[in-house]
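There are two complexes below, and they share chain A, which is joined by chain B in the first and by chain C in the second.
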Partner chain A sequence: MDFLLSGQLLFAALVLGSVYAVIALGLNLVYGTMRLLNIAHGEIVMVGAYAAFWGFSLLGLSPLVALPVVGVLTGAIGLFLYGTLFRAQLAANKPVAQLEASSLLLFFGVSIVMQNLASLAFTATPRAYQHLDTVYQIGGVAMTGNRIATLVVSVAILVAVLLFLNRSIYGLAVKALIQHRDAARVVGINVDRVQTVSILAGFGIAGIAGALVSMAEQISPFMGFPFTIASFVVIIMGGLGNIVGGIMAGFLLAFIEIYAVALTSANFRSILIYGIFVGILVLRPQGLLGKARRS
Partner chain B sequence: MLKKLTYSLAAAAVMALPFTAQAAEPLKVGYSIANTGLFSKAAPSQMTAYDLWAEQVNAAGGLDVAGEKRPVELVWYDDESDPAKSAQIYEKLINDDKVDLLLAPWGTPHHLNVAGVVEQNGFPLVGNTAASVAIREVQPGNIWFPTSAIPDRIGPALTDMLKEQGVKSVGILANVLPFSQENLQFLVPALKAAGIEVKLNESYPPDIKDMTPLLTQLKAANVDAVLALTYPSDAFLYMGQAKELGISAPYQFLLIGPTIAAFKDAFGPVADGVITVGHWAESQTDWPRAKPFFDAYVAKYGAAPDYLDSALAYMSCEILQQAVAKAGLDHDKLREAISTMTFDTINGPVRFDGVENAITPTAFLQIQDGAMQIVWPKDIATAPIAKR
Partner chain C sequence: MIRAHGLPLAAILAGAAALMVFGLGSGSYWTIVALNLAMWIALTQSWSLFSGMTGYISLGHVVAYGIGAYVVAFSFKIVPLWLSIPLAGVAAGLFALMVALPVLRVRGPYFVILTFGLAELVKYILLNVETGLGKSSRLLFGAPKPDTLLWIMVGLAAAATVALYAVHRSRFGRGLDAIREDETAAETIGIPVVRLKVLAYAASAVIPGMVGGVMALRSTYFEVLQVFNPTISFTIVTIAIIGGAGDARGPILGALFLVGLSEVLQNASPQIYLILLGLCLIGCVLFLPTGLVGLLHRKGGAR
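Moving on to the complex of A and B:
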């Protein structure tokens, strides 16, 4: 049992948790401010992974150096989708249920299109590359370079976003929009601009997360779906649109995944994760930190 | 303007007529493939082999149909990784498109679904990427399976190899997906019968994202051999995390994954010594067609073929080609030819007994200095097994 206390498991849980938290953060920003259910979120992660792969393979660019470029690229995809598909709908101030439903369908289409475009452009053959794969022994814990980098960058993003939301005027406006769209408009917030900021941030962060996971996973046009599912589990568990709740849920999920498997058996991994997920929703339908909402 | 264009097109068509009349009518060769969906990662390794084969055949003047050379035209549809859709597509290929020959879809479930269609239509189909004991339950006659990587053979063969290497204990990790579990089912009894201790036997779900807890236990078990019954994505996960944790067992076997070119790209020298299932390698000089296939593939695609799927897909084309050269397109004659002939393939001679390949043995590959070598069984080995 003493291996439960080993730093190795803690390190694994932190790395996995930070990845879950960051990927879900992008989804949560987009949902929170606009009530758009982005089923194509995993595909944005996929685009980020490919961008990092090609940057590394063709230009010899470290994915860590390429992170800002990747973020801008996927952010631009977000802006394009916002401009073409959602701006008008959001401006028309449609009911939340209608926005959720139509965005779900639209993003479903977007996800299929992106998968197949990637498959046409890059072929479906899986890709991979080696970067920062030296293993370091730190305090008796073995850590691969790219996993340390993933942890550090992810935590930096989480901290930066939290600071932005709490300290900057734009961040406060984003929070206001998450809390109450109509009231935010009434007090003079430029809703369109805030939405632009959050879609840029949401899609940009997803792309950056993709670049990070590309260092350790194989890259293929269809790699996105599991990330979409994991992000939805995380943000629903944390409370839809609740940024802090989402981050907590990301780490909680990872700790369940690592420690529950260590205590029981890997066979129970998915049963435990989804069991706890359902359990939380039964006890707190609004999620861990979500406030009960009346529609 | 448009009228003028139509006239000139018509004129061009008339002028072209004498030439087209001379060339033989193209031969339609149909198949369905998982171009999108769950298996789309795996299917390209098969499609690339088909394309290469068709290109080579056409460059050589066409496919020899009992003496007459006809150009090959591939007709394919996306089955979206859905076995039921695959069966519908083969119906369509046979009855609507009226294809002359068929090639196989990707994967065991698709093969099993299509088997009924070809049986009903009496249309011979040489399969390739299906490996399950279930293929023996398919009615023999119109479908054949060239693979020798069948779970009830893999378990005992792997055990023989480990025993010969003096392995005393193993740790098993198995994906819960069917091919892994089918292998597990035959592997454990074989190990027990051979007196090899199974110190750890854990299954895990396919969507596992981190193996640290499992691998910590595996490391503590201190086994001579790790037998990881993986699918591709968890093969990558295992390799990366086993490296992080310093799993140093001298024998590390991964079921599916290491034959994909990206595996070597991801791990480089760390992948050296990894053993996997596979019965083909370009370095086997007893098979004179092996190296030319490898070279042509690399020249066309810039990467090595998948040692299992690309090789099997190409073999199935070779078998069909040689059978058609002898028997032509008549289904009865073709069926007879495939059932009785011995074929000269990139994987050496192949002959069918019922639905199964009666010659190619179940074999294992090992990555050595970045290249794939056959290490078991000894009569087709291209290199001795190296400890990791």
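Moving on to the complex of A and C:
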């Protein structure tokens, strides 16, 4: 059992956890402020990954340099979807249940369209590129440069978003909207503007995460789906709309995943993820870390 | 009752039936098309029996299909087909009954995601069971010809349609309607909410179980990943939304639309087919919340 104490597993879990936390954070912002269930979230990650790939292979741009551009690109996709599909519905103040159901179906449509547009444009063949793949030995743990970069950038994003939410006036408005939509409107918060900020941030972060992931994983039009699932598992573990809970749950899921797979075998990975998922939904739908919410 | 609607159920049924009979009479291509059509009708009507009636959107209906397929494949050449196909339905229904109580306590978006996760969980458990048994796939040599299977499938599609039609007109159906409108209110006025939900959930799994069994025979090949493909669940929901889940005609119209679109485009470009399907779904959610059936209502004079 000594291998469980090795830094190698710890490092792998931290990297994976930071990626889960970042991707789920984007999903959580969009759900929390607008109650939109974005099951096309993984497709945004996919777009970010492709953008980084093309930037690197056509322009020789390091994905790390391209991160802001990728974020703006996927943020713009978010704004487009918000303007065309959701703004009117949100303004009409429909019941939450109806909004959740219709957003789920709309985003499902968006996800099919995006997957297949990507498949038409880039073919279904998986792609990959090599960048920052030098192996460093730090304290007896082998780390590739791109994984170190992924960890550092992800943690920086998490810290930045938390600071934004707690310190900036816009961030406080986002939090207010998450806590209570109607009350936020009553106290004079410009709901539409806050929603725009959340969409930009949520989609932008997902794209940036995709660019990070693209350095170490294969890129394909269908790579998004597992990320959608993982991020839903994470935000449900953390409590839907609970930002800090979601970040903690991202790391928790990664630790469970990495260590349980190390203990058993890779075959059990999916059973484990979905088992946790179903178990939490049935036993504690408000999330492991969440307080009971009114549904 | 039927005449009150724009285009009678009977006419739509006749059209779908004509296509299927045509499928029986002429070569294998149309047999397969008709088989697919009947399959989607059977699946979507069953889905509608629970999700359309109660408003609990299930994104994991494939679990019944997969379990049914597994029962038939597992017992192939051990149990005769006239017994194993109904058994597939029973097994799927029993599974739904078993998980119904905990699953149906969960509501709203949690329920939608839960049904999806549950189907995936069962998929990966069975995948490991099959790997443990040393069977990565099973070949079903000597399965009945597509013609025979088409008859069974048409029977299942008709049964599912009639079932939905009957439920719509029954006390049971009224109860389910009440749950969709306001579950708490329904409970307060004495509707046995839990019992109705559990019954509808279990009932809606039976026919998909048998459909799964038939489709395993159709492909003469069984593989867990293939029969538990989440795309099947998603397609069912898409058909229901495009066709409209309000009454028994919707799923038939939706299935006709989907199979038609797929026959025209699937071979030319599967991507364009799926892009159009996605756009149709988005369009229906935004502009046609009652689906193609709603369009019929409007033409036949709104009431």
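As a working rule, the second predicted complex is superposed on the first by the 282 of 295 C-alpha atoms of A that agree within 3 Å, B and C clash if a C-alpha of one lies under 4 Å from a C-alpha of the other, contacts with A are read in each partner's own complex, and residues count from 1 in each chain.
Definition applied: a residue touches a chain if its C-beta (ideal position, glycine included) is under 8 Å from a C-beta of that chain, and two chains touch if they have at least 3 such contacts.
From a predicted model like this one, the values you see are computed outputs, not experimental measurements.
K.L.:
Looking at A:N190, would you say it contacts chain B, chain C, both, or neither? Reply first, second, both or neither.
P.N.:
A:N190 sits against neither chain B nor chain C.
K.L.:
Return first, second, both or neither, reflecting whether A:S270 touches chain B, chain C, both chains, or no partner chain.
P.N.:
A:S270: touches chain B and chain C.
K.L.:
By the touch definition at the top of the document, which applies to A:N166: first (chain B), second (chain C), both, or neither?
P.N.:
neither
K.L.:
Applying the touch criterion given at the start, work out whether A:E257 contacts chain B, chain C, both or neither, answering first, second, both or neither.
P.N.:
So A:E257 only meets chain B here.
K.L.:
So, does A:Q179 touch the first partner chain B, the second partner chain C, both, or neither?
P.N.:
A:Q179 sits against neither chain B nor chain C.
K.L.:
Please work out whether A:N116 is in contact with chain B alone, chain C alone, both, or neither, and reply first, second, both or neither.
P.N.:
Touch status of A:N116: both partners.
K.L.:
Figure out whether A:A12 sits in contact with chain B (first) or chain C (second), or with both, or with neither.
P.N.:
In the superposition, A:A12 touches chain B alone.
K.L.:
Of all the chain A residues, which ones make contact with chain B and with chain C?
P.N.:
In chain A, residues 115-116, 119, 267, 270 are touched by chain B and also by chain C.
K.L.:
Can you list the residues on chain C that touch chain A in the complex?
P.N.:
Those in contact with chain A are residues 55, 57, 102-103, 105-110, 112-114, 117-118, 120-121, 124-125, 127-128, 131, 234, 237-238, 241, 269-272, 274-275, 277-282, 285-286.
K.L.:
Where on chain B does chain A make contact in their complex?
P.N.:
35-38, 40-41, 43-45, 173, 176, 202-205, 207-214, 216-217, 220, 232-233, 236-237, 240, 243-246, 260-263, 265-268, 270, 303
K.L.:
Touching chain C in the complex: which residues of chain A?
P.N.:
It is residues 37, 85, 97, 100-102, 104-106, 108-113, 115-117, 119-120, 229, 232-233, 236, 240, 267-268, 270-271, 274-275, 277-278, 281-282, 285, 295 of chain A that touch chain C.
K.L.:
Give every residue of chain A touching chain B within the complex, in rising order.
P.N.:
3, 6, 8-9, 11-13, 15-16, 115-116, 119, 123-130, 133, 135, 142-144, 147, 216-218, 220-222, 226, 230, 254, 257-259, 261-262, 265-267, 269-270
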